[in-house]
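Alright, structures below, take your time with them.
Each of the next two complexes has chain A plus one other chain: chain B in the first, chain C in the second.
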Partner chain A sequence: MTDLLQLLLSGVSTGACYALAALGFTLLWQASGTINFALGEMVMLPAFMMLFFLNVASLPLAVAFLLTLVASLLVLGGMFKLLVVDPLIRHGVIPLVIATLGLSIGFKNLTRVAYSAQVFTFPSIFPDRLIDIFGLRVTVAEIGTAVLACGVALGVQFFLNRTLTGRAMQAVAQNRDAARVLGINANRMVMYAFLVNAALAALTALLVTPVYLAKFDMGDTLGTKAFYAAIIGGFNNSRGALLGGVLVGVLENLVGAYISPSYKEGVALLLFLLVIVFMPQGLLGKPEERRV
Partner chain B sequence: MTGLGKSLRWPVLILAIIALAVLPTSLKSYGVYILTLWAVYVIAGMGLNLTVGYAGQISLGQAAFLGIGAYTAGLMAKLGFSYLLIVPASASICFLVGLGLGFPALRVQHHYLAFATLGFNMLCFLVFRNEEWLTGGTFGMNDIARPVLFGWHFSRAADFYQLTFGITVVLAVLMALLLRSPWGRAFAALRDNPIRAESVGISTTFYTLMAFAIGAAYAGVAGALFAPLVGFIEPASFTVTNSLAMLLMVIVGGQGRFFGPALGAVIVVLLPEWLRFAADWYLAVFGFMIVVMMVWMPGGLLSLADRWKRP
Partner chain C sequence: MIKRRTTLKLATSALAVPALGITGARAADTVKMIDDVELSGPGVTSGSMWKNGVDMAIKEINAGGGILGRQIEVSHQDNQSQAQIAKAVATKAIDDEPYVILGPIFSGDVNVSSAVAETAETPMFMGGEAANLTQQGKKYLFRSSLSQSAAMPKVANYMQKVGIKSVVIVWISNDFGKGGHDTMLKELNARGIKVLADIPTEPGQMDYTSVVVNAVKAGADAIFSYKNEEESARFLIALRKYGYDKPVIGETVLVSQRVIELAGTAANGARGHVGLTVDAPNPLVLAFGAKFKAIYGYASDHNGIKGYTSIYLIKAVTEKLGKFDRKALAAAIHGGSFSAKQYPGLLLDVAFDAAGDLDRESYLVEVRDGKQVITETLPPLGKV
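Entry: the complex of A and B
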């Protein structure tokens, strides 16, 4: 029984990290119709940036994170939108899918060759301590990650639903022309979505790397899990990303422990296939209408 | 195309086919290998072009079908089956699996479909890697023999190339006939306006499934040629990155253009050779080149010709 509870808790903690990345993904989709296949690498790059600041420049973790946050806002937010997405978005989905897949291969191998192909440990922001809750032994990191990630996800939700800027972003997502008529600067709102996505990616890197360890291909699994989480929960609903992420994290842990560890990676895929065949709008999403 | 261009089309095409058929006599064995690999990719690319370019679906799983075809061929060759059985078997198994992959495409489009097919590719990779009793796992499958047909041994590189090229031409003719038939028009209707297509009585369900199944069957034949060409197959040859390379082949050549994959395959097969100077940096350069290429010409190479004509 305690085994099961422990598996559940660590599943929630990894799942919450998937959810953070998934949230950035749904935001980009809602705001601009961008499918970002380089999502995993957008978590991997900040992780390596932080490593660089920590190990080579020997800065404290907080400073390293802030510098990385700024760099990722500039490169993964602003430059990504201006140089890659803006010229391609009017050509439809496929060119953008291919370009972001190319970006993911490029980032991954750039890191491998320019930095290192080795695995690096990464300091956790939480103290390395075990606590005992009714006989259940859990690490502070597990609880801290879950709480922080869920908090940020709910915070983003709050920002989108309760602030003026957030509501303007939603308006642009729903109907760009109508939003323009109301005096909303649509392009700026889309840029905000890219910036929020970049910030979420840097934060995910901070939370996930101590567990996953930093390696040039760490984005592969993380990226696909986040996509699946986003779709399982419902692509057009930010709360869906949280539900999808946690569901994937928990089920993966259970399958890995009780069925077969070598097919653990297939769990998210199976769940995803079931969802798109039986409820294409996702567990919490609203169905998208087809326009003739 | 101008009148002169049209009347020259057939002679040029036939000359090109003859030239490609006799080319290996003047090449070293590595050149013949590259040329054969090109022909194999052209077959897989033609299939993907049907799914993506003509029927307007998106697939990031073509490498998985290449793998299924290759493993089927490898296993059957080990069991001593004739090559005459191996090729149809690889094609039909891929046809059936492709039919299965078509089902998600009935429910969802675009990005969802991209993920569904990408996930399918990852799942196939897991099976190739984990089911060691069947596929040899990460060690792969060794010593796959070149085929013997009617007492002819195709073990020399040039002979095997000619067999591969012959099959490529036959499959290209079949594809051209398919595209000119009412089926071809139905696929285009599916791509251009599925709702309208349905309203004029085209069964979108049937043609979506067929677009995936036939595309997959072509990859199956390509796989059955790939296995004896390379002689050694391992899961790493059939990853999502390879699927991306194949999709790139179709897009760079120009999706929905008949000769697109033939041109795209040249680039995908030769790019590693050209980028050899980059050594370790090869994949990084490759990745960023894809981005630049897409931003510069989202419609593919053959679209540049159109742009030229209509400035």
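Entry: the complex of A and C
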């Protein structure tokens, strides 16, 4: 029983990080109908930015994170939208998808050139302490990551559903023309979505890099798992991203422990395929109709 | 009257002749080596260390006049840690007619590319440790470290000596891991040490929670971990998260400097056998370690030493032969013994058998306060 709880808790912690990244997919899809396949690299880049501030500028982790957050908002949020998304989205989603795939390769190679292909250690924001709760051995980092990531995911959900700006963002996502008629600044709402996405990427980097270690290709696994999680939970539902992420994290651990570690990496893909075939809108998503 | 076309032809010829002369002279003055090495992908940690060791040795040798008066010219070519690319790099390398091929480091990459070097009768000095690499009758393949079949008996002996009766084996599913796993299993069985769980893991695996839970659940006296650098570090971090307090034992990689650096405090307590370490109680090795750190800013692991000593071995044997002859080089290494007293760049005395396997002293180490501490020096097996 202790083992099961251990696996569940650790799975929630890992899954919550997938969920944070998956939220990026759902947010962009809901706000602007775009898919960003460079999302994994948008988590990797803040990790290396923080490493730069930590190692070269010798700043404390908190300051390094704040500076990275600002840089992410500017570059991965604002500039990404203005320089990549805006010029391409008018030609449809496919050119943008191809562009983000290209960006993904470009970001990886740029990082490789700048930092080498070596792997780097990264400090954790949580103390390196082990807690024993009735035989269940957990680290402060595991609990902290799960609580923080789930909290942020729920916070984003609250922001989208319970605030005027969040509801305006959803209105733009559902019908941009109708939203404009209602006086909503659609362009600004879409920009907000990109900014939130960039902030989530920086936070995900802060949480996952101490365990994943910083490497130019660290975004590959994370980006893929987040994409699966977003599809599984429902691409048009932010709560779905949280559910999908946690589900993937927990099931990976359970399959790894009770069936075979060899099948662990295939769990997300299997779930993804099942959802695509039997429930294409995802577990919490709504069927969408689009004019073609 | 000379036409414009004739003038152009004459001018081109006048430029081309000295250019050809320079190229020819340069080729004759240098000795070409091609390094088929893992500079990206999962093997980057090992490959980069190897490359740095190679570069360091070449710089020293060239500064001292080269080999038989010829400067060494090395080309590092990234095989991306992929077997098919490693083979392609080796194939392309052969076209350039290098004196030797250096690398690869990953056993899977060596497995496919060594066939190319064998066909072209070009000596290959590689970093692979899988036991089967030198069991295929190849005449041009040479190790730069102990093979798994030489190292694993030492690890199993150590386990028996400290009273370990049962273990869990956690290994990486690639050629290196499979070779180590199979060899270790045989050695454990021979000593009556029970394997309570046998857990394969994936190359590049990020999350080891389920592996750790299963490994701990087995209740063995110790865990034997056999994985590459990044995976070893992540596994140690996951074990630390779980609060595992029994011995974690490995061979070379688990207790290497790079793993210690990546795993941080989680590496403390890990024990293992290492064929090569910069902390070896040997003045030549210590001097190498200090110089490497001064140049690159971090400590060399076994792969750095492997790259460094391979170049010095090539120099030693070539100078002994007095000529650059690939066939003679390979023949002279087989069955040869080379002393570090005579050739200091070798760092340690080394002997080769007919298969290309080497033998030299090795060490038992434990990681304490983030440092490799040598607990015992083991003599060469004396088989070669």
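As a working rule, the second predicted complex is superposed on the first by the 287 of 292 C-alpha atoms of A that agree within 3 Å, B and C clash if a C-alpha of one lies under 4 Å from a C-alpha of the other, contacts with A are read in each partner's own complex, and residues count from 1 in each chain.
Here, a residue touches a chain if its C-beta (ideal position, glycine included) is under 8 Å from a C-beta of that chain, and two chains touch if they have at least 3 such contacts.
Here the structure is a predicted model, which means the values were calculated and not measured.
*Asks:* Which partner chains sit in contact with A:P60 here, chain B, chain C, both or neither? Use first/second/both/neither.
*Replies:* Neither partner.
*Asks:* First (chain B), second (chain C), both or neither: which does A:I98 touch?
*Replies:* A:I98: touches chain B, not chain C.
*Asks:* Just to be sure I read the superposition right, which of the two partners does A:S262 touch: chain B = first, chain C = second, or both, or neither?
*Replies:* both
*Asks:* If we overlay the two complexes on their shared chain A, which of chain B and chain C does A:T14 touch? Say first, second, both or neither.
*Replies:* So A:T14 only meets chain C here.
*Asks:* A:T224 in the overlay: touching chain B, chain C, both, or neither? Say first, second, both or neither.
*Replies:* It touches chain B, and chain C stays clear.
*Asks:* Between chain B (first) and chain C (second), which does A:R137 come into contact with in this model arrangement: first, second, both, or neither?
*Replies:* A:R137 sits against chain C, while chain B stays out of touch.
*Asks:* A:D128 in the overlay: touching chain B, chain C, both, or neither? Say first, second, both or neither.
*Replies:* In the superposed model, A:D128 contacts chain C only, not chain B.
*Asks:* Between chain C and chain B, which one touches more residues of chain A when both complexes sit on the common chain A?
*Replies:* Comparing touch counts on chain A for chain B and chain C gives B.
*Asks:* So, A:G155: does it touch chain B (first), chain C (second), both, or neither?
*Replies:* A:G155: touches no partner chain.
*Asks:* Take the contacts of chain A with chain B and those with chain C, and give the residues found in both.
*Replies:* 112, 262, 265
*Asks:* Which part of chain A faces chain B closely enough to touch in the complex?
*Replies:* Against chain B, the touching part of chain A is residues 29, 35, 37, 83-84, 87-88, 91, 93-99, 101-110, 112-114, 224, 227-228, 231, 262-263, 265-266, 269, 272-273, 276-277, 280, 290, 292.
*Asks:* For a test of understanding, state which residues of chain B touch chain A in their complex under the given definition.
*Replies:* It comes out as residues 52, 58, 103-104, 107-108, 110-112, 114-116, 118-120, 122-123, 126, 130, 195-196, 241, 244, 247-248, 251, 255, 280-291, 293-295, 298-299.
*Asks:* Taking the touch rule as given, give the residues of chain C at its contact with chain A in the complex, in rising order.
*Replies:* Against chain A, chain C makes touches at 39-41, 44-45, 48, 173, 199-202, 204-207, 209-211, 213-214, 217, 229-230, 233-234, 237, 241-243, 261-262, 264-265.
*Asks:* Quick one: in the complex, what on chain A touches chain C?
*Replies:* 3, 6-7, 10-11, 14, 112, 116-119, 121, 128, 130, 132, 137, 139, 141-142, 211-213, 215, 221, 252-257, 261-262, 264-265
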